[in-house]
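Look for chain A in each of the two complexes below; its partner is chain B in the first and chain C in the second.
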Partner chain A sequence: MNIAPRYLGRGSWLARRDPRVLILVVFFFIFTVLQIWDARLVFGLLIISVIYYRTAAIPWAQIRRNWTVVFLFIGMLVTVNMLVAGGNVEAMPEGEPDVLFYFPLLGTPISAQSVSLAVTQFLRYLAMATIGFPVAFAIAPSDFGVAFRRLGVPEKFAFGIDLTFRFLPSLSADFQSTVDAQRIRGFDWSAGATGFLTRVRRSTPVIVPTVVNAIAGAEDTIDAMDLRGFGTGRRTWLRLLVYDREDWLVLGFFVALLVAATLGGFLGTSDELWTPQFLIDIAQG
Partner chain B sequence: MSAISMDRRNNLWEVTSRTIVYAAIGAALYGILLVAQLPIPGSTVSVRPAFAIVPFFGYAFGPIVGFFTGFVGNAIGDQISGWGALTSWNWSIANGLVGLIAGLAPLYLQRWVNGSTRDRAIGGAIAGVIAVLIGFLFVFTDNILQGLDIATIFSTLYVPVVVGDLIGTIILVPILVYAWEPVKAQLGR
Partner chain C sequence: MVVASGASGEPRPETAPPLVEVEHLSYRYRRAAEPAIRDVSLAVHPGEVVLVAGPSGCGKSTLIRAINGLIPHAYSGELAGAVLVEGRLTTELKLRDIARTVGTVLQDPAKQIVGSMVESELAFGPENFGVPREEIAERIREVASQAGIEALLGRETAALSGGERQLLAMAAILMMRPRLFVVDEPLANLDPATAERLLTLLRALADEGSAIVIVEHRVEEALALAPDRVLYLDEGRTRYLGSVDGFLDVADPSAVRLPFAVVAKRAAMAPAEPDSSRGAEPAVKGPAPADAAPRLEFRGVTAAIGGTQILRGVDARLGPAEVVAVLGPNGSGKTTLFRTAMRLLDITGGSILVDGVSHAGRRTAELATEFGYVFQSPSQMLFARTVEDELLFGPRNLGRDPATFDELVADSLRRTALHELDDIRSRPPLALSFGQQKRLALAIALALRPETLILDEPSAGQDHRTAEAFMREVLAIPGLRSLYLVTHDVDLALTHADRILLFREGRVVADGPPKVVIADTARWTACNLRSTSLMEANKAWGPAAGPFLDADTLARRLAAQRPTARSGPGREAEGVDC
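Presenting the complex of A and B:
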């Protein structure tokens, strides 16, 4: 079993950027999107996120399944929110909604505004997921520790992040060994588990030995770190991170977007839900 | 306040090589074992037996290890699944809070934590339940961040996650405590 982050964007323009850029862009972009409720502007941000995503050159065939999950997750969340919340969402404009129909059984009013809200939420989620994908596929796993350290995360915790990535291959191999060992004894943890309780109960003989073995085996790593004086002085990192001109341009662009969205919010031009006139016309017959 | 309880409180926040290694192991295990998810039909979340690792690591090794295990482990799980480590950062914080609150058990479950192995196992389950119920309240930030209605968050996100994770916590945390105690004694800890 190979459970590890997949560095699918290796060699692409985005993967050649300083890893801090990809992390910072996610934060700048998310806080930009969060301030905008006008679907036309959100659609513009989605296009920007797609262009950014394309520079990571992530092969579609290898992440088709990931995108399917994203669409299902977002679609379901937004639909349920529309059916449950109906016309009572804070982002909705004040005043009487233009009701299109009442949802059978629940009786929730489906209005022009609630449909617009659902579409806007879908686009917002999609834009955020699109900007987040390159973090998963275009940063070398070994760069996370040093990137977070250089972003100001305390040294020990940054090293902890680095160590976590280093533990992934060996612990996933241990996990697979435990699964195989139980299979040899005639126990297949994934077979015949239909109910929630059964699933949890059947996972016990696999999870417990894996966890206890991992903790017991940690002593060697702790000793090695102590013998090398971990935490006694300032730590240096083998990988040197330096922003180049293109990194600054990317960061500058996304900071400018964030500033524009914040100003737009203060001026009240972008933080109001936009409802297309044709939907209102349909509702008003 | 006695010197012993003061010392215990200070130890809770101590960051040593042991803290970092246990935290990294917890996070890696949680990220790896997240593959063992079973989707809840009609919901956007899953039953996650591996979730028990978060309150267990918090309970066994302290609030810092617990927070790191939940926060980084969830981010790593998102990273492996392709969602991106930072896309749902508030959910990672919620997971981290569960580990942190379970790790504070010596402050609110003293009798159980200092009792027999059986008491410590029961204490682990109680700490886990409290931690899950409180920690996941952080997902209500989706109301501000995503504009989701409180009722939607409660019915579609909070309740399914909490119910699924409580099942895993109540069953697995005491078993993990029972399995860990003899090893801990053997290691001289």
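Presenting the complex of A and C:
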């Protein structure tokens, strides 16, 4: 198992941006998407997010599995929402839905509107994931701390983010060693584990040694940090972050999108669900 | 206690004021019953190199913590006596202020390195002291050149080798420009070339006026630093403080690893004794005949981890009744070899046979009944509430008959001598000492009744004395027929193994008895292995076949054979005069 952060976008146009840009864009974009329910506009945002994502030049072969997980997760979330809740959210237009059919066993009405809602939600989540991926793969691991610090996060917390990225590979290696040590003793944690609690209980032989070792190792690390004066005064950050012209352009573009979405919401042009006429026609026979 | 000169073993009272003075220091940790150190005194002056030696538990780590201020600032306990840094009591200084004078390189650089990139690690200390950005950048350039790590700049710290990490940890302390460097066991995992670079760097720092306190039980290697004085600790007390020559006269060769010449000199001067240092009669009887069917056979085995090829076509046959040691540099595939044998890692090519049958269809747990695999660190596997539960975890998972459990536990404890500890069955495994945990890990492996043991780095985390004792105990385990071990410890491998497999870049580059394998010095050096004085002595006077003799046995044998040596071959015995 490798849970080490992978700086796959190294050297790309997006990786050369100030890391704060990548973090801020995610926030601006999420707030933009959250205000839009019109699938046509959401599709436009998805295209923008894909173009943005492409500038990170993240190799597809190395990220295919991550995307598979994202697709499965979003797909499951949207499907369950549609089947269980019937897509019953505020954005649904008032009035009776145009029912296409009732889902067997559950009896949930599947309407033109709930299908539109599911598609819109899928596109929204997908757009948000697409804009978020470069944060994980196109920011240098050592830039996270300084970026969050310059965004106003307290110093110790910001450095804690750096430390997390630093020690993830070690923790991963220790975890794997423990799994191997227990496999040699006939341990198979997937066997017979049906529920969450059973699974947690069965994980004890792996979790206890991993946690104990991590705590013991953390004590040494804390000593090492104390001995180099950490947390005793105002610190310098070697990495100097300065927005350049392209950074401002990127930020300006996404701020403009956010402003437009907010205005659209006030004017009522983008915050209502759009249902394609052909779906309504099918429902109405 | 032996003190060579002056009340604190001071060699040159006329020099500059001491950077650190330790005065009659005693310290007991809050939850400990006994003090970790008692009445220790030491003064370190600018330009001086002090070697602190002693076996595990001698108080070295506590002394370091007292010098760098972690005691009393980060640890709570009872402190008596005083520690002064540049004339000021550490109790009255802040840790941050002490760190400006005392720079500490911890034993495990992986725990010390907090930056994910080499530059961020180097910058960490100066950043915390608020040093201006431009000056930090300038220091990085200077220190990278001084420490010879320019090639590492721009790399991620997670991708560095053990040796590179050690150099980086040292360089990160250099960045803070302390006047005293405290270095804790820096040679533990270094290949000879990196060790030499590090020792050269430390010597240069001392020559430029910095002071060095180096803690190391590998005395033979640390002597290359030409220390001015040695503080020899045992059980928390000062046994000796003074010159190197005086230390070599009083040090216990079983506690710290001394040059063979010193051991030979002692043996020559000691009254003749029967040769008994090999301890109990080993259960593993030695190499099987050449035509014996192999217990474990690798045929053209290839394996990769995370896309990186580790094994590149390994052919090896390990016998049913022999001790085989696998030596080689970090990343050469030593541990990976046995991980593939246990099916912890799938092979990408070739085949592995156990007693002549492919192991392809067998589960890891099944293989563990043939080969007891003992990991480097026992804490990687201990989780149960009691030793008994810990021992029975494997047998329960494998569906063994509960009626046999009581005898199984008793047998495993007896074979590892753990039964001598009171209430051992009900003790929590995590509360045992490190040495006891190592033996428990052995007992866990033995509870599955294997005939072969595989030990991964058996000497890791142990000093010379405990590592040797551990190996003797393992070899004396009743019913054990063969032992395969992976180690960095050249002397340990050569003195216990019938056969050496030498690895380099995923291939076996030599396979044979110790004497044959070490004969090719160029190959030995190319595998990043050091040439120890014991190895050279065995080469000259040791047995032609089988394991080499340990230092004590060889020295006694030489002394017995050549009575004239009693007049004292001395340190010249490093050569061929012995």
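Odds and ends about this structure:
The definition used in the following text is that the second predicted complex is superposed on the first by the 258 of 285 C-alpha atoms of A that agree within 3 Å, B and C clash if a C-alpha of one lies under 4 Å from a C-alpha of the other, contacts with A are read in each partner's own complex, and residues count from 1 in each chain.
The working rule: a residue touches a chain if its C-beta (ideal position, glycine included) is under 8 Å from a C-beta of that chain, and two chains touch if they have at least 3 such contacts.
Note that the structure is predicted; figures quoted are calculated from it, not measured.
In the superposed model, A:R234 lies in contact with chain C only, and not with chain B. Of the two partner chains placed by superposition, only chain C is touched by A:A181; chain B is not. Of the two partner chains, chain B and chain C are each touched by A:T204. After overlaying the two complexes on the shared chain, residue contacts for A:A129 are found with chain B alone; chain C is out of touch. Looking at the shared chain after the overlay, A:S142 reaches chain C, while chain B stays out of its contact range. By the touch criterion defined above, A:T221 reaches both chain B and chain C.
Touch counts on chain A: comparing chain C and chain B, the chain ahead is B. Legend: residue contacts after superposition of the two complexes on their common chain; A:W37 is shown touching chain B, with no touch to chain C. Residues 4, 163, 165-166, 204, 206-209, 212, 216, 221-222, 225-226, 230-231 of chain A contact both chain B in one complex and chain C in the other. For chain A in complex with chain C, the touching residues are 2, 4, 7, 140-142, 162-163, 165-166, 169-170, 174, 177-178, 180-188, 204-209, 212-213, 216-217, 220-240.
Partner chain A is touched in their complex by these residues of chain C: 68-70, 73-74, 94-96, 99, 103-104, 106, 108, 110-117, 119-120, 123-133, 136-137, 156-158, 172-173, 176, 306, 339, 342, 344, 364-365, 368, 373, 375, 377, 379-384, 393-394, 396-398, 430, 444, 448. Taken in their complex, chain A has these residues touching chain B: 3-6, 23, 26-27, 30, 34, 37, 63, 66, 69-70, 73, 76-77, 80-81, 84-85, 88-91, 117, 121, 124-125, 128-129, 131-137, 156-157, 159-161, 163-168, 171-172, 175, 193, 196-197, 199-201, 203-204, 206-212, 214-216, 218-219, 221-222, 225-226, 230-231. Those residues of chain B lying in contact with chain A across their complex are 15-25, 27-29, 31-33, 35-36, 38, 40, 44, 47, 49-50, 52-53, 56, 68, 72-73, 76, 78-87, 89, 143, 145-149, 151-152, 155-156, 164, 167-168, 171-172, 175-176, 179-180, 183, 187.
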